[in-house]
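Next come two complexes built around chain A: one with chain B, the other with chain C.
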Partner chain A sequence: MRHSDVLVVGAGMAGLMAAVTAAKSGASVSVLSEGAGVISIGSGAVDFLGYVNGKKITDNPFNHLSELGEMHPYNIIGAENIKNAFASLVEISNANGYEIKMNEEGLNHTAISIAGTTKPTYICSESNNASRILKAKKILFAGVEYLKDSQPALAVKQAKQYKIFADAEINSALLKSPFGKTHRVLNCLDLARYVDKEEGFNWLKSELSKAAAGYDAVIIPPICGTINYTKHFKELQNLGFILVEAVSIPPGVGGYRLRHALINEAKKLNVKFIENCNVQRAVIENGKCKSVIALHNNIAGALETEYTADNFIIATGGIIGNGIASTPDKVYETIFNITIDSPVSVEERSDKNVFGSHLFARFGVKVNSKLQALDSKGSPLYDNVFFAGNTIAGYDFPTEKSGYGVACSTGYTAALSALASK
Partner chain B sequence: MISTTVIIIGGGATGSGVLRDLSMRGIPAIMLEQGGLAYGTSSRFHGLLHSGARYAVNDNESAKECIEENMILRKIGKHCVELTEGFFVQTPEDDKEFAPKWLEGCKSAGIKTEEISLEEAFKLEPNLSRDISKVYKVPDSCIDGFRLVWQNAMSARKYGGDLYTYHKVIEIITESGKVKGVKALNKVTNEVVEFGCDYIVNASGSWAGEMVALSGLAPLPISPDRGTLIVFNHRFTSRVINRLHKSSDGDIFVPHGSVTILGTTSAEANAPDDKTPTSQEVKKLLDIGRVVFPYVDDYRILRAFAGTRPLYGAKGAGRSASRNFNIVNHTEEGLSGFVSIFGGKLTTYRLMAEKVSDVVADMAGVTAKCRTADEPIIQDVSEHTISKAKKYFPQGAVNIVVDRIGADFEEVLNNIENSNEKNELICECEMVTLSEIKYVAKDAASYYLNDIRLRTRLGMGTCQGTFCSLRAIAALENENIEMKLKPSDNIKNFLQERWNGLRPALWGGQLREAELTRAIYLSTLNFDGESYEA
Partner chain C sequence: MSSEHINPDKCIACTICQVHCPVAKVTPNFLGPRLIGPAYERFRFLDIAEEESLHYCANCKNCDISCPQGVSISTLNMVARCEYTEKNGGKLRDWVLSHGGFLADVFKYIPTWMKNFGMHNPATRILLDTIGISKKAPIPKFDKHFRLVYKKLKQPKLEKKIVFFPGCYVDDYDYSIGLDMIWIFNQAGYEVIVPEQFVCCGLPLVSNGFMKDAAKNAASNVSVIKEYQEKGIPIVTGCPSCALMFKKDVPEMFPEVVYDSYKGGVMDAQEFLMSCVERGELSFKEKISGKSIIYHSPCHLRAQGIGLPSIDLIEKLTGSKVQNAQAGCCGISGSYGFKKEKYQIGLEVGKELFDTIKSSNCEIVTTECGTCQAQIKHGTGQKAYHPVTVIRKLVENK
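After this line comes the complex of A and B, so read on.
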């Protein structure tokens, strides 16, 4: 049996942020994780708030928090925690090889996707920041042969519809694949890993130099390396054009870089990671959580293992991460078996419009300002258990464009609550 | 105005079967369909090629037709049919008195049955409930409804027939008691198009009553009966599994490719296109299905869908109404040249087409006989071509693609060889490659990504279009193939169609999948935001 001051369940954005924040203050921290977390396949762009009720925000997103209602996680934890969490994330990531930044005027950045659509984001790498090319006159969308998830012809057609690119000439090109014609499926992460190596970097540099002649700006899929990204990107910026990496569908590479940076920091702070670990349930004694019981997926016939701690942070994710599970008859949190309010009829869980506002998107555990789960009367269920990330109710990250912003800031806040309750 | 001899209303199995039959007899014909092909019931059933055993007790005449047509379709439509065989299983809930009656019915209809030991049955189908007490083998099979309809249409085109999809008939033009043509609304362009003809075959299934009303005749007593089915993301049975009891809800499991379909419910429908399934129906199907496969709840539900059966007779007759088909020659009611065919079942579509084509040929004075029972629907591809193609397709994909597009595969292969393209796999679940998508996209009847789905099965597997719809649209842009919608609208339209089937079963693994789709299309690609602000 292993004992920790703080035990974090889940190693996505919320769990890693919580672990690092708690460990920085000297707590002994362990992280139990089943998989690599949704962050590892994401684009790496940290969205704060892009839309409120379908309306785009064009000034500082902090000005719009009040429009989200008091049950929104941002308003539960407050602006101060959000500010500190973001600043801390930037500092951690930059100190660990992945340089990211916020807009200096406090506005959203504009990122561009592999499909040529644009989106607002708040913290991202310099390469993801497409605001840098808004004045470019000649823009090239370059894909890579056989990289089927990122086709530049589609991106060009889509981008040409935007007013911001109205004055620019936009063309497409394909870089020659370093792997030739093969039946294996090629994705952005394969290429980014190849570019980590010297051979791969030389390939990218030479292909880009050839394709970019005459262009002010070149947009490519996120392939400028994983662990060596920052170094490579800086060197590629000297080629004489503005280089932008598009944000991509999974595997999005940027999320992999960000996760790597956070884990690096956690390891420096002696955070213990126990992977392939499926937490089954919690042991409650006298209204407090004593331990969690886990199965180790990678060991055949393994017995259950008990992990005790003074405080617990639950960052098991929402519906995608399976922190919140559902059957036809109920919706529940998976470790403490907390029932989540949901309509009797399955149809009412969702909207008829596929991109509409779905009730299920807001499914989650109701929490107080310490991020303790609340019972139906509004009292904390367990004093030493704190929830973070998409396990929390009341926000819809895909439509709000608040993905990772809520996770980062609630992970940070949950750690502060755990430290305070020590 | 477009002129022809026969207009066929309805692009389902019956309509496309009639188009093929008439075209083979040399009678000029055009088929009009309000949606994509197989928009109605022909794509909204369990995909079972009945042995007839299901009807052996209640409707022995239907059972006989089924077994005869089953044997014919195995030969002429082998690219649409998977010869799985079927089981009839007796569970503790089934009346033990039914088996002897059923055996007798099968015998009299000419359906071969064979009792097999439970040990053998559980070896062949290990997921079956161990509470099952009797198992019989019957010659049931599986059939792909989309493919059957399309292949009939492709064959008809080779004989000179033509088809117009997304053309809804809005007026039947008559003159002095005789049909002269129809007016149809082109739903893609919103234009009204006039077609001239001497005869009309009303093969519009659940809409048959509406079409008769358009002609000004007294309405037909056709009532649509709603059936809901669910698709699981696993092939947990290799055979069709039927309950050994009187036909009832949720008593048939049918494997298709990598999925299994469970159906069907039966309830009065509000309208012919009352095809939104409800979660209550899904839960009910699961409750019944659990008796045969106790772990049915552990399989992820991909989607639910519903269709309407055009039942002839008193409203609300449901399962007791005859499933035998009917042909009404409206000449007797004073409108000459107008024939309606309705009722029946997909298994007997060819026979139905033959009988109604006989009526039309007779009126037109054409003596050519029906040849559809002998001539394969699509031609085989040579072994030489198949072996040549293997280096361009992923393992196992060549035969799947050949089954989908038949002899046109030669053209697809030529295109790959000439362009020296890599032929990337776009839809990994259903093994759809770039060359097949390009071939289908160029068809005059392909307007939307959804049309490509109907022919290739793109987006019908595990991811339900999350990954392959973006890839397919991007690949089409790369190839400069224009579709009717701009790319982001085309993807949204596609995902919306998939969404309608996900909503009634939105829990467990499928809800996770739906949230992943939103994370990709909304969070990363912002399809709900800026793609529409442009």
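After this line comes the complex of A and C, so read on.
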């Protein structure tokens, strides 16, 4: 049926988390999506909060929420919802074959990137947790022949600049490619898929055993499998050294594993997916959203279908995800056409420093604690519409390292609000 | 050929299409959608020689489905392939595979057994194998020509009318699906019109590089569609690939043949039937014994942006619960998996689906697409039926 208890627009972290959370409570849920959702190409590491005002957090990130200001989504939904959302994500992922965890003392994990940089993250797989090698004396940074995304010699140069690796000896090596030279340049996902198979796993095991002699720890690109990752990684940990998977540029493999787990859960819960459509507008009746109108196969001038629901969760992303549009005339949310406060001058919407904190990153819909959009007087615009993820105003995920943390926790909270308003 | 230019710069090079491409998943010989589509398109502007792995694209549209920026990647690939074929000439094999509708129409008065003997005897298969059609491929057998059967069929006189676009699979290989369609529309109170002027939708022509032939087909079909749209009669098809061709490829590749109120021209029949259910026009009173059913969603249905109406339709009309296989592409992509050098790729792509179907132990396998049905039979040994056929079987307890 084209009526659902809860209709979610968007299939990224916020949308999937909302869909699964709502469906777990027995609601009928449909997800409308344009594109497969960015999780599938990301690293799969869920950042909660790495930096506040440019300062790196070294203790429990929950201690720093108050420094973010009361308009930050974390403070709007509160610590309890964030904790429950993270616990739920870990449970869902683990139950669907991708084991991820939080630090037992409530600290950020340290992940190391394929380029040798480090970053704080809150939930990730054991393999991505590079905190485990901070005491290692001899570390090998290994790439794979013809895998151009990984340049271990460069990564070693970068890693040596960090204090945490100051006492370690770090070397680089290349594992022999199982494919030789190929027409398409290999990426991490190609190798991870190969490692899913028995012959691929044997290749990785034997190459690692050869290369790792004498090392305490080995860092490799994320290639320990996709669907068979958990099983394979456990076995590889018995090789006599600490094995770490670097987080990679897209396709980041970890994200592929995480999405697979979430989609698997959604499948068990009978969540319906309507892919490749573009939600054009909403139909409002008596102050409530009655339905949204979706354009077929994303082609201008095509037919449209109307989807009704009791409650709607909008997780369409920010400016890059097209949930928010920034034009010379105005900035607005694209389905309900909610105007977003912004400087008239386009230039003022960004920072001169390209790595600085850009105003446009904070563009989004102002919401209350239920995640309903607010009008200029601070009253909810529609009772049965809840926003999640980067469609919400007030946070700058690249500089805070808070992207999936906000997406996951607001997706979860939006679902609770939708369930409560039934 | 006046396809509107697709801007390759809409692509933000995020790699999501590479991740979801079923062909790139199984072979590193294919550059993948992002590189062969928007990235290579910039070289095409400079008239630099075509990328050698373009022929690997199966036109399954998973790149379009996964793209968050609305880039018509598959169309970029198909237009490039057609231009390449036009310059360099097409293969005889590709001509044969893509002109099935035309050939079948030429031979439609030849008895079915004779056509099948001609096509499927070992000597012909070896001959076809030498021109590049794998002798192992599950090429469907000819059946009675649907529209010849339709002509002799007596339907009840019903006030509401609907136009049915059968598509080549129903026309040439399985006329019973067409009869099941007529049955269910009659049940919903619609008399079914199958215009004689309809020709192949043109998707196999586009996929095999024959853009000019596809343009001709599009023009003839759209003029028929227009005639009925003007009378207010809806046009439907049970084939997801034909529907997608009318909805997406025709307006994108042949904008000169479409008109303002065209709106994709043809609707998915199952979606239309679902709206009949919602309007109260279609329901069955019979108690139907519960059978376990697994459903495969063809890529070309997922690409339409209408969800999976057949699941709702079967559940609503028969009360059975349908399991959605949700296991990706079957690997056949029309005629792609018939080709000698693609046959193995097709089987590897379909492996997840075959495994899912086999391990489900379901009594009934269902999917809309004819060639998906053939590939599922080939990969699992289990016959797959069109959803409307399944509904009829259950309702009539056959």
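Keep in mind that, in the parts below, the second predicted complex is superposed on the first by the 415 of 422 C-alpha atoms of A that agree within 3 Å, B and C clash if a C-alpha of one lies under 4 Å from a C-alpha of the other, contacts with A are read in each partner's own complex, and residues count from 1 in each chain.
The rule is short, and it goes like this: a residue touches a chain if its C-beta (ideal position, glycine included) is under 8 Å from a C-beta of that chain, and two chains touch if they have at least 3 such contacts.
A quick note: this is a predicted structure, and the numbers were derived from the prediction, not measured.
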Scan A:113 for contacts with chain B and chain C and give back first, second, both or neither. first
Quick one: is A:295 in contact with chain B, with chain C, with both, or with neither? Answer first, second, both or neither. second
Should A:36 be classified as contacting the first partner (chain B), the second (chain C), both, or neither? second
Go through the superposed model and pick first if A:382 touches only chain B, second if only chain C, both, or neither. neither
Please indicate which partner A:272 is in contact with in the superposed arrangement: first for chain B, second for chain C, both, or neither. second
Taking the superposition on A as described, I'd like to know which of chain B and chain C A:193 touches: first, second, both or neither. second
May I ask you to name which of chain B and chain C touches more residues of chain A? B
Please work out whether A:303 is in contact with chain B alone, chain C alone, both, or neither, and reply first, second, both or neither. second
With the two structures laid over each other on chain A, which partner does A:183 touch: chain B (first), chain C (second), both, or neither? both
Considering only touches as defined above, state whether A:399 meets chain B (first), chain C (second), both or neither. first
Intersection of chain A residues contacting chain B with those contacting chain C? 38, 183, 250, 320, 322
Listed in rising order, the residues of chain C that touch chain A in the complex are 12, 14-16, 18-20, 24-25, 28-32, 35, 52-53, 64-70, 244, 247-248, 251-252, 262-264, 267, 271, 274, 278, 302-308, 312, 316, 324, 326
Over in the complex, which chain A residues touch chain B? Could you list them? 38, 42-43, 47, 50-51, 54, 56, 113-115, 117-119, 146, 148-154, 157-158, 161-163, 181, 183, 185, 247-250, 252, 318-320, 322, 325-328, 345-347, 349-350, 352-355, 358, 360-361, 397-399, 401, 403
Residue numbers of chain A touching chain C in their complex, please. 1-2, 30, 34-38, 40-41, 179, 182-184, 186-187, 189-190, 193, 250-251, 256, 263, 267, 272-278, 294-299, 301-303, 305, 320-322
Per the touch rule above, chain B residues touching chain A in the complex are 278-279, 282-283, 286, 394, 422, 424-426, 428, 467, 470-471, 473-475, 477-478, 480, 486-488, 492, 495-496, 498-499, 503-508, 511-512, 514-516, 518-531, 533-534
